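Note that the chains are named A, B, C and D in the order they appear, and that numbering of residues resets to 1 at the start of each chain.
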């Protein structure tokens, strides 16, 4: 019954699954995280090697190799080259491809419907649905975050679209599940509708909410992989897929929590738009402007400068300039530190990654709780493209959506310089009283350019 | 595979995934997202089998696309995660001491009353520190 | 059942058991020992089946003893565990406040940097407490 | 393929397994612990109900019912009546019965060897081995803890006995696994040897180490149940058994850790015995004795009395008397508190359970870290059958096996009264300098009787 080749394949799959679990465990602690991905990679190699020798792989060996080479080479080059600041879209892209691959398995197996029982077909169809949504949704997220697709409101009635597509999808899925012959046309229709669903779901979501949505699609892709694993009778896929799904669901919740949002809010409504056109803008008070030269002088003759980076620094890709500025100030004997707020930027660890990329040394980076106790020692706080994380309304305004979020108390430092482009608002879309604060001076302009101006001004001082 | 056994696998793997992630610090959310993204790249194992027994142009084409996409998932997922974790590594090392202290505190706190005793047995080298009262 | 699928079940259930217990305070060791003792009383389900298809005096006798022993395991395990936990219950309630505080601290600590933010969002009603710096 | 009765049975088993996991999770936190056992019990009811309807249960329905009634009634009455101080032996007893039940399943199925494949027979045999060890080992532990079997050293060479028995067991197990006919005689021999193994393993273990050993047998019984689950094709048994096994292994390690012992030490050597006959007794210095009346007076006119219960109180079953003493003192206006050391007694929570049973209110119970800061306020510390937990050697003597363990610093209170029988030592078998301390006075005698004497003396004061 047990043929020996299949025995070793099953064993390899088993160890692969165990290594995935162990790798995930290691990845969830900062100290062992990097070894975690290596452990998981070992499991992956095992699973891939086993699949080559799989008794069901009866033909197309060369095609498999070629497909792997093409897919692998393209994504290797791409993944190596991409900027670290583009991580979220990268994750979206690879995630989408994974979900898509699960859907292709479903397609092949549903075309061979006769070989499978009803329970396989049901899970196959369910996996195809989820995989397709993860595929089209993730790819659209990728395109939007890369700036290829303009963000926009979904114009039609989203609820109706959801219900209509879902109803047809379920009907088609039902037909496909309970028939043991292949229906290529129905199948194509089914796949197209599933892909459409993912697009409808993703189109109205704002860039800031994307990381949460991507995490949700990640969970979805995992589930699709788990389901297709059942279709193929591959328990390693079932285990790994479900593992990813459960971890992804929890991660999605944690990420939504961290930015003070509910998942349902994200999925059922566009965000920020109502705020952006609120009349609060009317109350906008007087702002003290400062030119680059004055800003430069203030910092060059200070003793303690604190740089607070935010989403705007990431958008402007200003991190390398910021590092240059830091070195320049330090050569003049100024002590420069960075304060990273937990939710600065648009994904966890966003600022840490960018500053690390630019070569800012870790000793200079302080976290919220550390630095807030020492604010009064700071001569100049330089806010680069940050808003919500230094928004005084979080402290004072009970009704503010930010209320209760701890902020960096830069108003307790001796003076504040803010770099921003226009008098726009942050992610939460609300006014920031810090801008009108007596200690604050604002320099308008793209962050990268502003920092460059300040650098030039400091150089001109000597 | 028996459908019920599959149900057990799904349930148990789900519990494992959830519990393993439960206490992850949020600075690791992005790398972990990317890492678990890599793990579902095991779909490649399935895509290879699907292509390996595909027949006719349609099935083979779909299977080919599947293997390509899955390989891209695996390779890209790995590279991106590893790059990201490499950035975090030195931060992690810097924080290691702090994390260890926290872990100790945490262990003590978890073991509320009794465990404290043994934790101190292991940790204490100081003769005069016989109090063990680190939490009060 | 396929032997490999069984292997997966064993592995996953083992991981679940281990991880679920990992942080248990030692004051619960004895009740937990008793409680897990109760859980393996599910052997009764098997003993019933064994007796249910036993044939001949020998098999039936052994099966009968098995069902008796397994039922004693189930019933005794339940009663003893419940009695013990009843004793702990009021202690637990007394400690509840403390445990909750600890849980909060723990959550904050686990979420090291970022999570802190959201924890405070949930916890803070005090307008002047804008610091969020509870751990330093 | 799926017949509907079996479908619902499988479903019930599945939910039972899920409920076990959820119950275990709830049991591992103090606040939800009690509901955890209820959740698990719901799962158990489901599993039992399903088994009645199981298609393989073709006959003997009445016998099943009768066996359940007998086993259930006996253990219900027993479990309700037993003293809470006898918990460890109770757990050992029920655990042994569970392991034994797993072994009987193996016996029945191995007598039906033809119906099973080799993998079922192998796991069946392995489960029988482990189940038998858990059975005889636990029952011997039960008998020893109940005082029916005298504790003693294993006289022969234990290592040799282990190896000899194990070798024959493995040989027999091999024969049984790879033959598809029943061999009743071999089977009997196999079972007897396995039972013997459990006895050899348990006989030399001291009472104090029993909780750890019982926990190990609990893990073993779980594994046996898991294996027999495979033989019967019952995944709920497999999951629940493995769950218990893994939890049991971890619990065993944690418990051994808590008392500063390694598992290998416990399994491979008797403990305490070499200590008990060490010459350290020679160095025994002068002890100030006190009679019951003086002790009574000291406490009756104190303001703050701290009672420190230990293993000796449990042995003497003195908890009710202690509560009586407490009430008497409180009537006289004395403030009485209890200090419970984490490892007082012989199992975690031992003292809490006993005092709770006697009706001592929880407000009076303080833990180590709490009370140590306030020792100087205490007028009299009354040590009832405790030794290691107040052993000053833990602080001063670097070489002491207790070194590093935090103790209750009763020597910082104003005076100390110790109740013990003889000048014996505690669990760790080492001298306690507290007994010769200038503040300390010792009253010799059984704890229950001594407390009674003190009670009478206090009553006579009025």
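As a working rule, contacts are C-beta pairs under 8 Å (C-beta built on N, C-alpha and C of every residue); 3 or more make two chains touch, one makes a residue touch a chain.
Predicted model, so just to flag it, every value in this text is computed and none were measured.
Let me have the rounded angstrom distance from the C-alpha centre of subunit A over to the C-alpha centre of subunit B, please.
Computed value for the inter-centroid distance: 17 Å.
Return the distance between the CA-based centres of subunit B and subunit C, expressed in whole Å.
Each chain reduced to its C-alpha mean, subunit B and subunit C end up 22 Å apart.
If you average the CA atoms of subunit B and of subunit D, how many Å lie between those two points?
The computed centroid separation for subunit B versus subunit D comes out at 35 Å.
Please list all residues of subunit D that touch 2 or more other chains.
Residues 13, 21, 235, 239, 254, 258, 342, 348 of subunit D each touch two or more of the other chains.
Of all residues in subunit C, which are in touch with two or more distinct other chains?
Counting only residues that touch two or more other chains, subunit C contributes 1, 3, 5, 8-9, 12-13, 15-16, 20, 23-27, 29, 95, 99, 113-115.
Name the graph shape formed by the protein chains and their touching pairs; answer line, ring, star, complete or other.
other
Per the touch rule above, enumerate the chain pairs that touch, sorted by label.
Result for touching pairs of chains: A-B, A-C, B-C, B-D, C-D.
Can you list the subunit C residues touching subunit B in their complex?
Listed in rising order, the residues of subunit C that touch subunit B are 1-2, 5, 8-9, 12-13, 15-16, 19-20, 23-27, 29, 95, 99, 102, 105-106, 109-115.
Using the touch definition up top, name the residues of subunit B that touch subunit A in the complex.
Those residues of subunit B that touch subunit A are 1, 3, 6, 9-10, 13-18, 20-55, 58-60, 62-96, 99.
Using the touch definition up top, name the residues of subunit C that touch subunit A in the complex.
It comes out as residues 3-5, 7-8, 11-12, 15, 113-118, 120-124, 127, 130-136.
Which positions of subunit A touch subunit C when the two form their complex?
For this pair, the touching residues of subunit A are 2, 10-11, 13-14, 17-18, 21, 235, 239, 254, 257-260, 340-343, 348, 367-370, 372-373, 394-396, 398, 403-407, 409.
For a test of understanding, state which residues of subunit A touch subunit B in their complex under the given definition.
My answer: residues 13, 16, 20-21, 23-25, 27-31, 33-34, 36-37, 40-41, 43-44, 47-48, 50-52, 54, 56-61, 63-64, 66-68, 70-72, 74-76, 78-80, 82, 84, 87-88, 90-91, 93-95, 97-98, 100-105, 107-109, 111-112, 119, 184, 211, 214-215, 218, 221-222, 224-226, 228-230, 232-251, 254-255, 258, 342, 347-350, 352-353, 356-357, 362-363, 365.
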